[in-house]
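Paired with chain B in one complex and with chain C in the other, chain A is shared by the two complexes that follow.
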Partner chain A sequence: MNKVQEVFWKEEASLVEGGATLQKRLASQKRINLYLILWIRPLLQSRWPQFLVRALTLAGFVFTIAAGLFGSRVGSHNFAIIFVWIAWWTALKLAFIPLGGRSWCSVCPIPLPGEWMQQRGILEKGGQRFGLSLRWPKRLKGSWLQSSGFLLIGLFSAVTLTDARVTAWVLLSLFGLAVGLSLVFERRAFCSYICPIGGFTGIYAKTAPVEVRVIDTVICATHSEKTCYQNCPWGLYPLALRDSAQCGLCMECLRSCPKDNIAVNVRPFGSDVGQPHHSSRPDEAILALVMLGSALAFSAVFIGPWGILKSAAFAIGSPAWLLYGLGFLALNLLVMPGAFTLAVWAGQGWSGSKTQLRRAVANQAQVLLPLGLFAWIAFTISFAFPKMNYVLSVLSDPLGWGWNLLGTANTAWSPDVSGFSPILQVAILLVGLFWSASIAHRLAQTTNQPPLRQTLPILAFCLVFSLAMLWLMVG
Partner chain B sequence: MRKEWLARIIVIFLVVAAVAIPVGAWWLRSRGIVIHAQMAETGGWMPESLTVEVGQPLHLRLTSDDVMHSFAVGQSNQPPVDVIPGEMTDVTLTFDRPGKYTFYCTRWCSVNHWRMRGTIEVTGPETTAEAVKPPLYVTLGMDIDAEHHAEVIPNQMPSVARGAKLGVSIPTEYQSQEYYLSHSPVELWKALREESSLSRLSDQDLWDLVALTWQSNTTPQDLKQGQQLFGTNCAACHGEAGAGDGVFANDLEQPKTGDHTDMQTGEMTMRPTDFTDPEHLLAASPAHLQGKILRGGMGTGMPYWGPIFTEEQTWALVAYLWTFQFEMEDLP
Partner chain C sequence: MRETRNKWFSIWRWAALAGLALLVLFLPIPVNATTPVERTFHIQASQFAYSPAVLSVNPGDRVTIELLATDVVHGLSIDGYNLETTADPGQAARLTFVADRQGSFRFRCTVTCGNMHPFMIGKLQVGRNDLLWRGALLAGLVLIAGIWGLRK
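And then the complex of A and B:
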């Protein structure tokens, strides 16, 4: 079989109708197809590199659970707390998501065992699938469950983030859920609809500079087998991808495409946002708002100066905690959506737009993505950076049992971020704010209404949020 | 298919290794005696009872699961060692006499800090059983729970220096150590007031003489040791200055409503005694104070220190308590 990208793609493409349009499209796109780079190509084509990384993360994941269950209860001396909530959480928000979108999903260990059973193989799939292979219920589609999962983590965050046993049980439950669901439902039901991190990563992946896309839509249209769809563990059809929110970058479509018509593109930041037809799903709007609300709540609990709030968040089951929980849920489910809807409604009214409010809210929610992503980055810098020295010390003593495997158990080095961290945080929040503003502007220009009137109330919402974050983090 | 099997073997090997390392290490560790320290509310010492033979070294590895604690053994000269979260502290103890020893925490780790106690049973050939001497308040038949209240108190703090300047000597019966141990300062003052030979002295002069008499029954070493013991063990509740205002005082004073606080401190607690209150302390005898220290204050939250302090230490502590009422020269 000829590989389009390698030799004959121009010739073959020209055979089908629209070849000229395709060439024009490819020329105009500011994208670099990584799959065309010689030394990257085998790394993506073979399942081995990705598998090996995933096997290692699986071992790390299992070790994390064991360390959480058996190791020291002192958070700063337990691998589970430091690696999950300091190292991985930071890497996810500072590198994996902003630079690679759902790149973590491509090496995440959680689905491996379930998928192995489901497909009766790790690298090579067995003929018959194992399990019930049911379709995911239509009513549960979307990111509603992911938003709920994230809120659940937020309710118990103070304990989950500090108690190694709880962290281990949370990871174990996610693991069990993933395995269980893969035996009942088809494909990656857990990743697509349950995993809170998947939801978090997914919406922000829209801003990331990586995408897997079809090169020539016409080739796909004439290809009746749709091997890419058959092989996609996420149940996606690459031709129909509107954005990168759902794509886990597993590269199975690319490996199975007989026409070599899939590209792994490096693209400009924020390519998926700024068009009105994109992301008009209310569940994604709620998820984006929950992310903003959670960033505020996490900053208030972990960085803010209020001892009462911290104690309330820790005292799970107490009346004070119930009050905190109610406040947390009200902030995420009433205050944030309410304020944002109000802003959109004001913009609509002022500019005389006739778009249905529900649809307008869902559309405008993409403005919140850079804002939220950068708020989380700023939070991570002040929350995790000062604790980075623990990463070295738990590498030497992962269970907190007085070991010193690498000689780094008592490292006193700690990045002193107190000097530049406030400046950095202001800068990061500003970048998020300006990026959000530019998306709002781009969105407004797609309509016939006066752009400023439509965007000003939304920008005011973003500004108030940024100021609140700034106040919580810098004081 | 060979590749598939290789992949499966890799996954299984890595996962087994990831489980085996912590579990194996945990098993190896469980063979030594590791003592975990936690605040009393969440478990205290684990394990809390140990057994060892006389003369056999007892190797302990101490670690804390929450805050900084400290490990000390009662009625021994073993200096306390810090028990640090996530770190191991090695201690080796050797006991030369059989008996039941108490180990305890000397860091003010929580309001129930004093409840962090455990026992070490030292077994061995029974040596000639030493007759256990009952504490003085028992011998004297003293009721240390009875209300005591000074009917008279000095106008200003009695001073040893002023007492010495008077150049008066009090009847010898009041100078003996037996008298000092079994009487309160108020009792001595009243007895002196009755003495016709001292009738020319003012009330305050007599109080200064009481202070002088009390000091003559203590030594600077006692006061120094007492001060150190008080700072380590008592000040958490009674306060550095003895005014009953230590860091845990407010927690102990909470009204008893069966709420959260009761669960933290036990049902019956009250505000710690204020040693700077003359009406209270001047009506107590050294034997009374020693009794309270040894036995604890029932229903007040005051711990019992009998298994922890030596007799000498309790008397040193009592001697130091008087410095909250008397100006003593040799106060370190």
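And then the complex of A and C:
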């Protein structure tokens, strides 16, 4: 058995969704292949534009770590805090993910040095791979570790988000882990299985209007070399891609396809969700629920008026923090999964569905994706917008040492969003709820069970979540 | 014939829902007339909390906030009210204004007071929070739209 045959997506794809069906589905939805646009084509084909952006982000990443370690300890005067948690985190949720899916992954600097070492080259591969190139353990596959990483960051979030030194050490640890894993395991093991941000972007990338897909499945099936798979740093086989959760948009498949059979499509929003045979993985369901629970918890801690909660989240190691940690974990691992499972179970029982509960929960978890993404966007607006003036300030004085490089160090301007922002947050939460309801509708239409009975409890779960977020945002 | 009738019924149903949504959005809700009164709040500010953190007043009330910082310098500004004051430790600062805007407004610390300073937040509630109620009702309508969509 060669490596391509071992790719589980391919095996499942051949069983669940044959190439012809896949092609029919893709053809039935409107798509624009960006690779056919003359001025975009060279930008995607050449490795240079992407490399230049990645070199820039790598330089920014190294500078961020240096600023965190050696700059001011006052968060609002340190480049590391402001650029990571205000500028980048906002851009990720408001632009990169909703419009580009995993587009951040295509320019992320964290896996770069490890990848360069692994392939013994910067732009091109330089002969035999460096490192042990072991397979990632099968039992650790999926997004379990990404969910755990996200929870871990959540437990320490009050300190990570406000202490420049801690932010720098977290970034440094992720960097070290990425390099270390690339020397032990093949391809991008860190990005695929560990990176909590990768988990976050991956799951919501399913709703985004960008995808990399094969054009003609027959051409792929008859191409024996599978150069796309051989060159994919993520270990993916484009023909078998069922959704965009795993694809990091690195474009290596496109560059290595001798038949020009890979497309970079702009597609309708949410093309990957609302199909029953997609996303029936329990690890993805847990990740989606962890994202919902974390959005609730972060909203309560960071924009709520409860000082006792903020102090508990900040006082790491204290009895209050232990209590906070237990509550945070209970919310994410017991309350949210329990309530959602109950909703799915009620729907199953009411409609008389015989689908296995575990599979039904995993399948219905697709409904939670727009709900979660829009909850995070609404949270970001209240969290980051009032502090945007710090971005200009730290550009002039990145280390908080009293510099004024661009003359903007004392900028007091901040967008006055106090009147507009609550209305925007309500609208965003409602759009998320509506989109989730429409996915529930799409899923229900694919079964033979009474759709209303099956879906009503799940919609009720979504409504309760939305009301809780509304109350935390504008209550 | 039956198909046409169902189609018209469906159109009317969605039109009614849209009309209801517009009503929820724009219908003026009568405000309970209350006589404006003077209200004074003594707020203690310490890292990273206000006590009390939630202030409730009626529209038109004349509100005085006496801010007392108990550890380091703290400030207070209210979203949407363009007001700000700063209190040195042990010294009270006063802020007086008329609560002429209805709704829920966050107030925040304006002086860097420690790591969690950006999240030192309190809440001023002026009368009924229409935005929250309208949002909740619209969420209910979204759910009804979802349920209607489910009926074959």
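Observations, loosely collected:
Here is the rule we use: the second predicted complex is superposed on the first by the 446 of 475 C-alpha atoms of A that agree within 3 Å, B and C clash if a C-alpha of one lies under 4 Å from a C-alpha of the other, contacts with A are read in each partner's own complex, and residues count from 1 in each chain.
One rule holds for everything that comes next: contacts are C-beta pairs under 8 Å (C-beta built on N, C-alpha and C of every residue); 3 or more make two chains touch, one makes a residue touch a chain.
Please read all numbers here as calculations on a predicted model, not as lab measurements.
Of the two partner chains, neither chain B nor chain C is touched by A:Pro49.
Chain A has more of its residues touched by C than by the other of chain B and chain C. Within the superposed three-chain model, A:Ala59 lies in touch with chain B and out of touch with chain C [touch as defined at top]. Within the superposed three-chain model, A:Ser76 lies in touch with chain B and with chain C [touch as defined at top]. Residue contacts after overlaying the shared chain place A:Phe302 against chain C, while chain B stays out of touching range. Of the two partner chains, neither chain B nor chain C is touched by A:Gly131. By the touch criterion defined above, A:Leu112 lies against chain B but remains apart from chain C after alignment on the C-alpha atoms of chain A. In the superposed model, A:Leu456 lies in contact with chain C only, and not with chain B. According to the touch criterion, the shared surface of chain A, contacted by chain B in one complex and chain C in the other, consists of residues 74, 76-77. Taken together, the chain B residues at the contact with chain A in this complex read 1, 3-4, 7-8, 10-11, 14-15, 17-19, 21-23, 25-26, 29, 38, 61, 63-66, 85-88, 260. Chain A contributes residues 74-77, 158-159, 162-163, 301-308, 310-311, 314, 386-387, 418-419, 422-423, 426, 429-430, 433-434, 437-438, 440-441, 444, 451-452, 455-456, 459-460, 462-463, 466-467, 470-471, 474-475 to its touches with chain C in the complex.
On the side of chain C, the complex with chain A involves touching residues 47-51, 53-54, 79-80, 103-106, 108, 112, 115-123, 129, 131-132, 134-136, 138-140, 142-143, 145-147, 149-152. Within the complex formed with chain B, the chain A residues making contact are 51-52, 55-56, 58-60, 62-63, 66-67, 70-74, 76-78, 112, 116, 121-124, 318, 397-402.
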